[in-house]
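Naming follows writing order (A, B, C and D), and every chain is counted from residue 1.
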Amino acid sequence: MSNTTTELPVYKKKDFQSDQEVRWCPGCGDYSILSSLQLALIKTGKNKEDIVCVSGIGCSSRFPYYMGTYGYHTIHGRAPAVASGIKCANPDLSVWIITGDGDGLSIGGNHMIHALRRNIDMNILLFNNEIYGLTKGQYSPTTKTGKVTKSSPYGSIDQTFNTGKLAMGAGATYIAKSIDTDPKHMMEMMVKADQHKGISFLELYQNCVIFNDKVHDEYTNRSTRDDNCLYLEHGAPMIFGKDKNKGIIVKGFELAIVTIGENGVSEKDILIHDKYNEILAFQLLNYSNPPHFPMAIGEIFEKSVPTYNDDLVKQIDEQIAKKGPGKFQDVLFGGDTWKVS
Amino acid sequence: MSNTTTELPVYKKKDFQSDQEVRWCPGCGDYSILSSLQLALIKTGKNKEDIVCVSGIGCSSRFPYYMGTYGYHTIHGRAPAVASGIKCANPDLSVWIITGDGDGLSIGGNHMIHALRRNIDMNILLFNNEIYGLTKGQYSPTTKTGKVTKSSPYGSIDQTFNTGKLAMGAGATYIAKSIDTDPKHMMEMMVKADQHKGISFLELYQNCVIFNDKVHDEYTNRSTRDDNCLYLEHGAPMIFGKDKNKGIIVKGFELAIVTIGENGVSEKDILIHDKYNEILAFQLLNYSNPPHFPMAIGEIFEKSVPTYNDDLVKQIDEQIAKKGPGKFQDVLFGGDTWKVS
Amino acid sequence: MNKEITVESVVIRFSGDSGDGMQLTGTQFSNTSAAMGNGISTFPDYPSEIRAPQGTIAGVSGFQVHIGSGEIVTPGDDVDMLVAMNPAALKANLNSLKPGGHIIANIDAFNKTNIEKAGYKENPLETGELKNYQLVFAPISTQTVAALADIDIDNKSKDRCKNFYALGMTYFLYNRDIEPTIKWIEKKFKKNPLMIQANIAALKAGRNFAETTETVISTYKIPAANIAPGTYRQINGNTATAWGFLRAAEAANLKLFLGSYPITPATDILHELALHKNFGVKTFQAEDEIAGICSAIGAANAGSLALTTSSGPGIALKGEALGLAISYEIPLVIVNVQRGGPSTGLPTKTEQSDLNQALYGRHGEAPLVVVAASRPSDCFHMAFEASRIALEHMTPVMLLTDGYIANGAEPWKLPDLEKEYPAIKHRLIDTTKENPETTKWTQRDEKTLARKWIVPGMKGFEFQIGGLEKDITKGNVSHDPTNHQKMSDLRKKKIELVAENIPLQELEGAASGDLLVISWGGTYGAVHMAVKNLQKSGEKISLMHMQYISPMPKNVAQILPNFKRIIVPELNMGQLKDVINAKFGTHAIGYNKMQGLPFKISDLQNAFMGLLREEK
Amino acid sequence: MNKEITVESVVIRFSGDSGDGMQLTGTQFSNTSAAMGNGISTFPDYPSEIRAPQGTIAGVSGFQVHIGSGEIVTPGDDVDMLVAMNPAALKANLNSLKPGGHIIANIDAFNKTNIEKAGYKENPLETGELKNYQLVFAPISTQTVAALADIDIDNKSKDRCKNFYALGMTYFLYNRDIEPTIKWIEKKFKKNPLMIQANIAALKAGRNFAETTETVISTYKIPAANIAPGTYRQINGNTATAWGFLRAAEAANLKLFLGSYPITPATDILHELALHKNFGVKTFQAEDEIAGICSAIGAANAGSLALTTSSGPGIALKGEALGLAISYEIPLVIVNVQRGGPSTGLPTKTEQSDLNQALYGRHGEAPLVVVAASRPSDCFHMAFEASRIALEHMTPVMLLTDGYIANGAEPWKLPDLEKEYPAIKHRLIDTTKENPETTKWTQRDEKTLARKWIVPGMKGFEFQIGGLEKDITKGNVSHDPTNHQKMSDLRKKKIELVAENIPLQELEGAASGDLLVISWGGTYGAVHMAVKNLQKSGEKISLMHMQYISPMPKNVAQILPNFKRIIVPELNMGQLKDVINAKFGTHAIGYNKMQGLPFKISDLQNAFMGLLREEK
């Protein structure tokens, strides 16, 4: 690769590894996410020194320690706020927010929705293991109602967030999902999330072997996932299933599953995915519920909205163009003054 | 009314007025909201002593001082959390959360989305004047992008929340809207919100005469509102306009406006509102954008989900049924003990 | 003709309905007086509520001006002259008027409705209840409209000129030059010649009315003060604070970043900085105070001069994140414009009750630098100082001001920037000179123990950092017991070393004596005057007013033993007093006031005298 | 035969991989010892990381047991016997082992992989580096599997019995009764007879191995302690805290409400209370700490005994809301299970560095009650006390414990509830007796100044309240200056009056002497032993261990002057020391440690001796 003609920096995976010993439980889904991002960064074309990982607190939030980039492990739930400051202070940086379902949706929910609303050009990786891992197993806002955990010994009575709907409700301009058992897909989604201009919300279904083992099994396990995952691709028909013979169609306000080859259904009857269609995206998020309806995976939604960081720079440039670069001496002696002699 | 045969308590408006002098700016939209709730409470059938108003901080949050019910003016953004504690501690109470666009959506955004998610049976009144009133005019998360305010002298670069979409994304089980210039409609919506079993999100477009005058004018002003408001009624066709000749139809994934009597459109072509249809509700929230699409007003969405407070009580009852009412002496001497003599 | 009396100083309060334009009137009066060479100090007194109903006490808006021919450092204890545009204004302010003081009452506004709205049963001008004051009855509203009869604007607009009529009256009474205000009107209403005409006419009519009316017995002359030569401007504390940061960023050649959430009385700093986009200032109005400080932490990590501003309740929310900033060892300035607590308390009133929070309001051993501004113009100085210390020492610095100096204004002799506020040397590494292999953020300046400032974008210097305890040399996570001891000691030492880089504590008065007064923050004006007055009458009293509270200047320990007694006047329940006693083993006593109001000079004098005379 | 040595006390640490069952083994050892009449104290030492890779240092899980025939109040400074199930366990714990101490090493686990994973280059059992210790080589893994050859379970299950094998060895060495553990096994595995058989077989095999092996030179006898008669159980601090609240609610006849957000090391209180739904306990796992305390504020306003639990960083977030609770004057207990700071710091380690935060970590003058628990079982007592004070005085109370006593366990002589923890009289009004027209929440008890507790649902008593300053009699919003002074004084006085309702400060030792040691919180065990030891050797030293910190007991001021010097040992940088000096004008000095670890008795003794011997 040394005689490459592009100007992009050329990195190897190990460039994105730090010298810290990785300390997750053996079998934790976080490992494959780490590896996927290290591989994805080879492809995003960003200079390593311009990449920043910012996390909160949680097992997942240990992530920045293991990356070879600039890394900030902050405090619980506040990663989006710290990251917003970093990005606004230096809009040239490529900022990755690393967070968990507790960190990002429970204590950090407010910063999450406001970061999504403002559309600052950053990438959010939400590690959703439906549990508080680091504090050893309490239910989170994504833990299924009824689940017995340390803090819900008789079953949780909390309803859960539908993460994608929440993100969309907050104004997310990019929503995608992937699963920890499909590193290649994860990596692709990370690259695409980075390409989106604006805030990208990428949810990763991640297994916590210790406190919530197999909670995503149905749609992440290699043997069942094909039947329970709907891998979306913009412009392609929504086909899924081991035999690639199941598809999605729209019926009035509803989505329905059909089998290609049955009841006269053929491939061309299948709905084509349009990630720019917000209503469709909402329906997909609303319906995803294996085994009744497959889990929508991939790029679900994208829209184009001016970014906060661009407008911030623009406004400064406009004011400089109008008034000239600020000189404090002028402010000090400007306006109403008087002389005493 | 003294010989009424119902068991409902009979109140007059003044029963719901406190002895505190009401101190909003003359012309503030808050006055009519106050009056509407005082009238609505006559109809909800709740005992006055069981009604609690809980607010945060803001002009709107002064509300509980002016109500004759139990009232808690708390701290900025935290009303839903305090209210949750009140309701869980005593599920027999009828709890009203009073909040503003700054209080409830900016600093209080997290408590808001989690209160909606948990579906605790309370009512949220969101006073949306698209500005921070009490602190004298800074932009809020609902202030239109580009707006010049004290803290955005060159125009705000923040994108805004679509409040209804945010609420739906968070899992709201009831979403309705009303306007400060239509007290009767407000009152009806308040009564209905109270009837919903679960959390009710009722947004009220409210005018701040001082810092954001006329921001909702198009769809609240008596002379233009009929053309810009779509008053929804469950089971009724979506007709609007001064001449009641405009209607909504659905076209593929989209909603469109048609004129009854033109191009062969008749009343029966008009979409019937179904508040239980989440996709339709989402579309209405997404489309509302006067003058391009009328503002959806009224009961937009409702769904039936078990309430947190019911499940809380149920779980306690189950445990008592199973183990008998707790006696601490038994806990103390239960399990592994030994005797020293 | 009236007799003319020369006085050393006078306190005037303009008071009326929120819509009556009293802020403007007061500002004109003080600007004119400043231009005439008087010492001045002003304080606006906005209604604490939302624009409350017209005519009610809650709707009263006031503006107090203190002018004099001597040193003027407070807006004044008690009022010599009250301009009352309506009954509510009279009622709300009567208790601050000196016995025998003047009242100019707009009798037109003393109608039945207004009298009742103000909570009076009868017209107070008629009951005799004001017999201890000197009353000037002026039909201000009707006279204004009459004076503008020939001008082609509607009556409502005419009525709105009545504040200039009132101003004109005071200009006559106090021998003020009318010209500066005429110029100001001409500039302000450039686009509306009719309004120029109307306002000037009202101003002159008021002056003439005062000159001709029989109720005015005497006029007053306030000779020019002996003021240091230079260029001056009026400045309030919040603007000064904002400007101090603007200059600090310029002096450090860094971009300024403010992460903030609105709150009274701090919001004006955000408003002011938002105006200066052409300095590259970035103001991030965050969703809450936590995001405010966290975004600033992000900006500091990315190489900006980062700030967050708030008041007590908001600062309380920032405590956890402050710990992170301390753990990161980043430059960060946190401004607390204090107001009355606890909880929402008295949000528009002043208090000094957040010192403990500044020093201790975090979990763990989390030391930082705490400084405080003494008067409106000192906010500029201390904002600059806070930034300088933060950048030179790689530490969060908390700057305390309060609602009183934040909104109060005084004339400010404009500094020579290059000399008095010269370049600040920050600790961003020079990547062309440092070796990525050997340079680490944990490397420290020998004198200050400040770490190196390495930020994203610096090629080859990538590092990872968090809020977990860090190895003192390698910088990675460490749970080692002795390392934690070392890091705890280091964090403490680092703050202590700031004492080497701040001025020694100054004393006003002799280096020893009977009574040392220790004060801090916005009480300076009143405490200074009280001490000065007692010094003049021969008391052995000195003032140690502190701007640097953590760490304290090195010489404080030497100062204290030279006084028989120590008193610490504070607008709290004794917070600095406890700190001083714990630190120096002294037995200082407190003089405390919790009323949402500043100290009165006279009260302080009495308290100090009491102690000076007390048998021991 | 081996010789049998009688010892007064012994400290044993069981250590292995997270999966090795060391917590269980340690618990069995201590329970058995307790049943045999020994004094005991235990401390678990979990891995601070997520379940770290098997065999690594980070993955080591330990459990320390201190047993003796005298008073045992700490888990012990240094270890007499280390059971090391793998090389990492050996490496991680060697520095706590006494010179000459015993090591039981599971040699089966000392294979190449494990040796390397632990960071050893060579097998430490072979290099001679352990020559200063007494080594017992035991092929624990293989022997366990061999002993269970005939039992029909898979090899993995057999291997998992190895902790009982190790336990069996220690039972022989320390003459422990095997029966209680056999009974426990039978109960625990009731549903799985094969596992009963297997575990018992392993236990016995271990014991037999120790009896027959030649490496064991001597066995030890620890005579029963002189323990007060009664029923006992083991209790750790977090469970005791939860139970204290459970009893308090019962004693007050109120429902318990906990609003909390998980955080180490406080979460177990939430876990424990969540189990007791049949008491009507409501545990609300909030979205964050702010919602945790706010929901509790709501519940308190609605008439529950309301709590919120957290650790330092979470408590920092609660500061603003605490101000509201103070302003509302509601009963509320806030528990801070302290851990190492600042920021995320050392989350699994202990520290006492949040006292300042408890006292001052809010804006405004916002006083509350602060109490602290001294040992695991005292958590029960102080949780009850905190609740009692909160309810009787209508005030928030902060209860401080720490990670050390929260997780540490000790035997607890079960109290007579009716006598020692009798009914609590709360201040909810009796609506049948009060008159809605005249009863107001602002009415106060004369002695305590506590207000009346009126809650929604009470017909006719509707009222409105907020965080703005309140009129002292009417209760509505007031901006009146003198009212604010009165309310500030009242809030202060109310807390001071709690001193009338708490026990006098006790002293351990003479009422006067050369040195007074002042301590608080979880350091009690070590400080107590150090003082007691020095008292035995004739030193004039006394201990004043404080449970009530704000307000302090009334007699503290009388105690202090009777000692020549005062030392305050704390696991922080001197927080209580500063409070004492500021309050009493003393010159107490600090003895401080910031290592995430408890004090060692020996270190304390040295420090105290140093002071006692110091020339003055």
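FYI, a contact is a pair of C-beta atoms (placed from the backbone, for glycine too) under 8 Å apart; a residue touches a chain by one contact, two chains touch by 3 or more.
These numbers were taken from a predicted model, which means no experiment stands behind them.
Remark: among chain pairs A-D and A-C, A-C carries the greater number of C-beta contacts. Taking the CA centroid of chain B as reference, the farthest chain centroid is that of D. One finds 40 Å separating the Cα centroids of chain A and chain D. Inter-chain centre distance (chain B to chain D, centres taken as mean C-alpha positions): 45 Å.
With centres defined as mean CA coordinates, chain D is found 46 Å away from chain C. For chain C, the set of residues that touch two or more other chains comprises 277, 287-288, 313, 320, 323-324, 343-344, 466-468. Taken residue by residue, chain B touches two or more other chains at 57, 73, 75, 106-107, 109-110, 114, 141, 154, 158, 312, 315, 318-319, whereas all remaining positions touch fewer. Residues of chain D that touch chain B in their complex: 31, 34-35, 37, 184, 227-234, 243, 246-247, 250, 255, 257, 259, 276-282, 284, 286-288, 290-291, 294-304, 306, 320-321, 323-324, 413-415, 417, 455-468, 476-477.
Of all residues in chain C, only 49-54, 56, 58, 261-264, 267, 270-271, 274-275, 277, 283, 285, 287-289, 313, 343-344 touch chain B in the complex they form. On chain B, the positions that touch chain C within their shared complex are 21, 23-26, 28, 57, 59, 62, 73, 75-77, 106-107, 109, 132-136, 138-139, 141, 150-154, 158, 210.
Within the complex, the chain B residues that touch chain D are 18, 20, 47-52, 54, 57, 64-65, 67-75, 78, 81-90, 92-93, 110-111, 114, 312, 315-316, 318-320, 322-329, 331-333, 335-341. Across the interface of their complex, chain C is touched by residues 48, 311-313, 315-317, 319-320, 323-324, 326-327, 338, 340-349, 351, 353-354, 356-357, 359-366, 466-469, 479, 481-482, 484-485, 488-489, 491-492, 572-573, 578-579, 581-583, 585, 587, 593-597 of chain D.
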